[in-house]
Amino acid sequence: MELKPAPEWHTTTWLNTAEPLSLERLRGRVVLLHAFQMLCPGCVARGLPQAQRVAELFNGAPVAVIGLHTVFEHHEAMGLQSLRAFLHEYRIRFPVGVDAPGLDGDPMPRTMRAYAMQGTPTTVIIDAHGRLRRQVFGVHDDLLLGAELGTMLVEAKRSAEAMATNSPASPPASAQCTDDGCTIA
Amino acid sequence: MELKPAPEWHTTTWLNTAEPLSLERLRGRVVLLHAFQMLCPGCVARGLPQAQRVAELFNGAPVAVIGLHTVFEHHEAMGLQSLRAFLHEYRIRFPVGVDAPGLDGDPMPRTMRAYAMQGTPTTVIIDAHGRLRRQVFGVHDDLLLGAELGTMLVEAKRSAEAMATNSPASPPASAQCTDDGCTIA
Amino acid sequence: MELKPAPEWHTTTWLNTAEPLSLERLRGRVVLLHAFQMLCPGCVARGLPQAQRVAELFNGAPVAVIGLHTVFEHHEAMGLQSLRAFLHEYRIRFPVGVDAPGLDGDPMPRTMRAYAMQGTPTTVIIDAHGRLRRQVFGVHDDLLLGAELGTMLVEAKRSAEAMATNSPASPPASAQCTDDGCTIA
Amino acid sequence: MELKPAPEWHTTTWLNTAEPLSLERLRGRVVLLHAFQMLCPGCVARGLPQAQRVAELFNGAPVAVIGLHTVFEHHEAMGLQSLRAFLHEYRIRFPVGVDAPGLDGDPMPRTMRAYAMQGTPTTVIIDAHGRLRRQVFGVHDDLLLGAELGTMLVEAKRSAEAMATNSPASPPASAQCTDDGCTIA
């Protein structure tokens, strides 16, 4: 089975970041893309808090947590000003891109369309090579999400090592190991 | 940093399994050892349900979820008959070993002592080579636990491949990949 | 201790109701007034769901659940159009009044000021005589809120009876009693 | 509809109380009777914590929270010694009676049979006159339970007043009222 490159992102604005982000710029890091709408109850109650915890717990590991605001309804109620206030009130500090309007009158925004998302929340995991590895519609399970991120972090580490030195296997980049165990965060 | 082999288990009885288990017998699989007491509130409310979900979600992957009943107080209230009823009522179906009484009047049971556990619940992760990789006292975070299991599953897969065929890298054993992503469970 | 009449409400618009509401019009019913902002995390996660459950569970009893949108920050992000979309997405079906802007440049809206609320969420209970009986800033406990509503419902029932017939005591209006017990909902 | 007196309790032992309790001795107080088994998951996760919160929140009001250990399965695993350890570990401090074994080989204990309970957890509310007012099998809703307790507390207060002085209506016994509201706890 061939893994395919993740579709590029088409955004109009970025918040919580000095410069616009793209998959190209994030190459070498595992990307957790969280597609949401600020008035989507499941996103607010479950999806965004999960993304926030990933950002905190994997801080230090080569994981980039990115929000994507994919508004496909109530556009007038979820404009940029509203989104800005929302991110402030909910203390969401990771970068958030605003998905570009659909082409040719498509009600679904462009990136959402490119990934064929079914709705929000949608969790997308892209590996360090920019390949789409996982896409889940609805709330994703913490244990599975953790396992997927762990898996791709080891792979990223191995690739980096192979390119750099052909060095022998060593503990994954994300792990701090001591005599009595290894810890990730 | 050298990783050390996990201490052997010393048990008097096993429930939910036809034959007694040992680290030796589980070599090649990642082991999640959950040390608990049936009257420990944190174990009942959080630790055991987490272990149960790992057993369900990672069913199919080379992960063994094992319970260890490490009673260090109220011994008379947590005997074998009580434990059996408890496992039945709480629908715990993974194998559970009963930790052997401490030597020379030690109030702490033998395996608990060998791992220098601080109390219950304690989560221990042992890799496919039988090495102790992680030990957490208290409730462990789902995202981190998932990442640790994911990490060790990839390692286990790579080792198996290296031994068998020196074959090139392929997706981890735990992942079912399709055109639009990879899934673990 | 003298109980005081609850301050009148000053609103600009009402949603989810055919006609504007006032304390006067609700006389004879116990009023649960839930003051919130649509971008207040505690309101969204805890306060509004509690108000919704009261509306459902006490359906049939003389209790009126009323929302009050008391915006004192990010006004531009919480306008009428946004509120309308929010109520739709969160399936909030009880009447919601929009608090009137503060007088003389007061940043706090008028009703919020009249009740001297400290912020959102704030839960206010007004008895069937229109008297302010309880005001809680922050998330209120379900057991206590239930007890307060139960208390005021019995009082309302007794008053109604006293006025109507001077009839002897009977089970409270809210209770459906059978041979084996009484139920409220 | 006639309200009936609650059946008497038949117990073999009492824990967490200096003297055995009976409905007769608790007359004048609203009684929350929580029937449970120490190995019943729903009791441990939901029912007992609810009873504990009632005991804490209504401390000061004439409410008696009483546990009843109604073992109808795994008797050998839930003996007195086990129950004692369980109450200690879960920090349950309200009085708990042990239901008497069923008569003539009845597998259901006597009090459980007298109330025709369907299983555990079962929540029973008895008013200050000793009348059975509410019986719920399964986890009971906090809002409804609060309302039922509030209702019966007002009734108890009115009865006491009527007997004592024929005094005019006053705020319920459970409420502490100030200028800006009334509070129960």
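Order as written gives the chain letters A, B, C and D; numbering starts at 1 within each chain.
What we mean here is this: a contact is a pair of C-beta atoms (placed from the backbone, for glycine too) under 8 Å apart; a residue touches a chain by one contact, two chains touch by 3 or more.
The structure presented is a predicted model; accordingly, all values stated were derived computationally and were not measured.
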Touching both subunit C and subunit D: give me those chains, sorted by label. none
Determine the shortest chain-contact distance, in steps, between subunit B and subunit C. 2
Would you mind checking which chain's C-alpha centre is most distant from the centre of subunit C? B
Taking each chain's centre as its mean C-alpha position, how far apart are subunit B and subunit D in Å? 40
Please tell me the distance, in whole Å, between the geometric centres of subunit A and subunit D computed from their C-alpha atoms. 50
Averaging over Cα atoms per chain, report the distance between subunit A and subunit B in Å. 30
Expected list for subunit A, residues touching two or more other chains, is none
Based on which chains touch which, is the overall arrangement a line, ring, star, complete graph, or other? ring
For this entry, which pairs of chains touch? A-B, A-C, B-D, C-D
Show me the residue ranges of subunit D that touch subunit C in the complex, using the header's touch definition. 1-4, 50, 53-54, 57-58, 116, 125, 132-135, 141-151, 153-155, 158, 169, 171-172, 174-175, 177-185
Within their complex, subunit B touches subunit D through residues 39-41, 44-45, 74, 76-78, 81-82, 84-86, 88-90
